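The same chain A turns up in both complexes below, where it pairs with chain B and then with chain C.
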Partner chain A sequence: MANKALRFTSRAQRGSSKRYFVIDDPSWCAAALLLVLTLSSSAFFIDQTQLVYLCVVDGMLLLHGCYLRGKLMSLIKLFVVQLLVTCCLYLLMQQSDRMLEGVLAVCRLLLAAIPGWWLAMSCSPERIAEVLNWVMPVKWAFVVAASISLLPFFSREIQEIYAIQRMRGANISAKALRNPRHWPELVHCILVPLLIQLLKLAKQMANAAKLRQFDQRQKTTFWRY
Partner chain B sequence: MFDKKLQLQDALFIGFCATLLVALKSMLRLKLGLTGHSMFLMCFFYLVCYGGVGRCGAITLCGVLAGVVAMILGVGKGGPLILAKFALPAVAMDITLMLLPSVMPLLWRFIALALAATLAWALKGFVGDLLLGLSVEVSLLKGAKSLFFGSLFAIAAALLVPSVLQRLKSHDLLHKDEV
Partner chain C sequence: MGTSALVELKQVGLAYSSRQDAVLDGVDLALRAGECHLITGATGSGKSTLLGIIAGVVSRPITGELYTQAVVGMVMQDPQVQILRQTVGAEIAFVLENMAVEPSKMLVRVQHALRAVGLWVSLETPVDSLSLGQKYRLMLAAQLVCEPDVLLLDEPWAQLDDLGVVELSAVLKSLLARGIAIVIVEHQPQAFADFYSHCWHLHQGQLSKQASLFAVSQPKRYRPVQCAKQRQLLIEAPAFSLQFTDGNCLFKCAGLQLFSGELVTLVGSNGAGKSTLLKTLLGAQADIVQVPIKVLGKRPKLGGFGQQLMMLFQRPSRQLFETTVLQELCFSLKRFNLPLERATSMLQRLGLSHLSEHSPHTLSYGQQHLIAIASLLCLQPKILLLDDPFAGLDDDYCQQVVALLNEEQQRGCGIVLASHRALPQLQVDRQWQIQAQYLSGGQLEVDQVG
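Up next, the complex of A and B:
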């Protein structure tokens, strides 16, 4: 059932402009996930002397990500913001002699972020979901697949509700939302109607799945395409 | 086991909330540059999940699913470590929920849960900073800043949730009376 939902997702996406991913095989995707987990964790735990090896590996991933036309702006923004905050805090604590420690820590943070960025560039989301299916219970794999396949629906609903509420004069423009005083309006004008839709949709989908005997048998059945 | 008892409708609602949380977070993070603003959405959706499902454990499930969805969609640049970012505050909320007396007024219960989530979130940041090699003083200062701003946003979300649940109840969409 979960695979069925996943296939439905990939079929729905095939209709639109499909993005090319280098890793489109579940086994390779599992290996990539393990690699990313190891590299991201290593950035926190390895000794300073071994950091150069991690820099080399992450540098290769960075080059590969750039080759795959990944945008570096998010990584640069993360690095600059963290560097500024950390340097300011060191100056505030009158520890300017230990500033290098802070710069090194921010570099480690960047090294932890690069593998995740590369994963998003190189692995197809459907394959990541397929790998997660191996470790997740069928019911939850179905829930994840159904939720992700409904993302375009959520997006359309949000856009429609947003446009209607703006026409009614709600203070929920991007500029107005910079002021937290307008956030309750966002919740009541956008999130509440959306939650009402979601609750109704969850009920309908659960009934449809129950009618198809989902979660009633031990052995999982698949729809053949 | 909790998973067996949970109805498919509730499981789907938890999944939808988790996906919506990730989608809205990725939309808003570029527009708002405020520290701790992610705690607003996180606490809001976790508490709505608890209110909608009415079971201890629903928040943890929502947190884990949000982490999984974020990992699949490549939101947050953290790769598999993004799971901890979403799941830790959720686990802290569920543990607090088990410790809190059930007779406690709903609003205060939500505020306590929001504060527990923020504490876990700031603690995760503090431990992460220490592991990265920042000095204890700077890590503490960063942690305190996260705790202060995160608490403000989390409490704001907790204050909104009872009225949202009331509106959902008035539409006859909440079939649980535990909360």
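Up next, the complex of A and C:
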């Protein structure tokens, strides 16, 4: 299995409950990481006239990510929220004629986020950890990989805590949040319990890793199947 | 140390601070090959801490002596928080990677561990697609793959449905026959009564040997007083299918009804769709095909019922965020313009008035659980949805929760309580049972309605 450069699986093979990572070889994973780093940093550094080329490349990654059953909704939500917040800040702190600059900045952020989203769809966290392990200590590589694999849990946790606090009467509906007076409530009701949960989770995951001999040896090997 | 003991604790003690009583105080325990030790004790009595000490994951200094010449494996309470990888094979192989086992030798060991726990899934199966019971067995496989001499299990009963417990028991019996020592801490030790060799009770830091299980945990019968039915229809739905937008159907149902003053249990195995149904009733489940359910005469919408519909989610401590217990209870009362005195009277009812100025995050698991329930009940909702409210609670806390539910039921609140097994200790009006992708018992018979 390890000698295969890329392992492609058809949609029919993947089935409804299974998801396979299309890039399974460490060398290809390293190439994907480099590509992602290049594209994401380009989003901030390249000239405005060159952005269209980046849009085309990111568009292709989006299509491929969707084919791999990635969900676009999280990206769309991120973009919309970022756009709203940025536009409000520009309205409050700058003149309205500079609004376009704000929109452009948000577009650059989105273009920087898309390659990372695609990487999460196409490479498994353990393979990313293996590649990162070439250039950083095992502990750091594990933390990066664990953080990537935590993203779905993180997203579910936000949704549930949001539902709980909405039910309890918190003024955090989309309509209520149009009023900046309610923004502190969002931080208070959602971010505080979320942070507490994440701290607890980090401790429990650290224990789970310790129970499985993590960081006991200098040398580690990697699962290849 | 006895020659055959794999692990031995002598006068082990642990305290979190000098101002607090010791969690463990002079604990003696010896584990030998092929022994199964059951440890019971109230919520917060230190059972999980004891396991943590044996497993070597407690970072605080302990007093006394701990001898070990064994490889110790431990499965913690919640399998969800122990998952470190995304596929079944990679998850089990994690420990082998850390032990620097040759990749070519991993496959056989991983497959062997998977078979040992009776989990017949592909190595590439995403961990997310497994049920909670399957995840628990996956965690067990992730420990067995490094061939431990001692296996520690933290409250497996609460995480598993009845079938899961039967399957786990079969696995544990085979491990005992292979000479592995097992320690299980559990509020419901009867579930493992047919193969334990030693039984202990942990109370006020002291571990005392029990002659039998029934000396430790007397089966309790909770008997809420039946209230007079007022027969206001709170939830109604004609026949429907509960299915996700991706086409995955959870179950079909001939119809649902919930009347005021009714206590209904929603029973089904892990992954049957209990939590999804409750969230659908609340209007908090986004990725399902629209269902023709009416709650209080309206289509469910999150936040659309004010204080009339409340739900206790799993791990209810997640909802706590205020700086004091009293503020936590007052939060929703303020938002819904209800009298704040209800918060203090609720704390009095629970006997927790002395904690009103404490931070909810410093309370024990059971106290946090009660505060979370109390913060919903002081709103006096018409409908109360509870998702596995007894998980991780000992008999005393369970009794307190039942007493609260009983009072709500008498007030006329309609209650739906989800659990992965029937609750014989709780006197309920009806049971909604999800089995073979069908929810039965959702509607009252015609003659019962009158």
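Quick note on the criterion: the second predicted complex is superposed on the first by the 116 of 225 C-alpha atoms of A that agree within 3 Å, B and C clash if a C-alpha of one lies under 4 Å from a C-alpha of the other, contacts with A are read in each partner's own complex, and residues count from 1 in each chain.
Here, a contact is a pair of C-beta atoms (placed from the backbone, for glycine too) under 8 Å apart; a residue touches a chain by one contact, two chains touch by 3 or more.
On a predicted model such as this, the values are computed, not experimentally measured, just so you know.
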Of chain C and chain B, partner touching more chain A residues: B
For A:Ile196, decide between first (touching chain B), second (touching chain C), both and neither. both
Going by the contact rule set out at the top, does A:Glu160 touch chain B (first), chain C (second), both, or neither? second
Which partner does A:Lys210 reach: the first (chain B), the second (chain C), both, or neither? both
So in the superposed three-chain picture, is A:Ala146 touching just chain B, just chain C, both, or none of them (first/second/both/neither)? both
Which superposed partner A:Pro125 touches (first chain B, second chain C, both, neither): both
Which parts of chain A are touched by chain B and by chain C alike? 125, 146, 188, 192, 196, 201, 205, 207, 209-210, 214-215
Residues of chain A touching chain C in their complex? 2, 16-21, 124-126, 146, 149, 152-153, 157, 159-161, 163-171, 173, 188-189, 192-193, 196-197, 201, 204-205, 207-217, 219-225
Complex contact set, residues of chain B against chain A: 3, 7-20, 23, 28, 31-32, 34, 40, 44, 48, 52, 65, 68-69, 71-74, 76-82, 128-129, 131-135, 137-138, 141-142, 153, 156, 160, 163-164, 167-168, 171, 173-174
Contact footprint of chain A on chain C as seen in their complex: 52, 55-57, 73-74, 76, 78, 80-87, 89-90, 93-103, 106-107, 110, 122-126, 128-129, 142-143, 146, 246-248, 279, 282, 284, 286, 302-303, 306-307, 309-311, 313, 318-321, 331-332, 335-336, 361, 375-376
Per the touch rule, the chain A residues reaching chain B in their complex are 33, 36-37, 40-41, 43-45, 48, 74-75, 78, 85-86, 89-90, 92-93, 95, 98, 101-102, 104-106, 108-109, 112-113, 115-117, 119-121, 125, 128-129, 132, 136-137, 139-140, 143-144, 146-148, 150-151, 154-155, 174, 177-178, 180, 183-184, 187-188, 191-192, 194-196, 198-203, 205-207, 209-210, 214-215
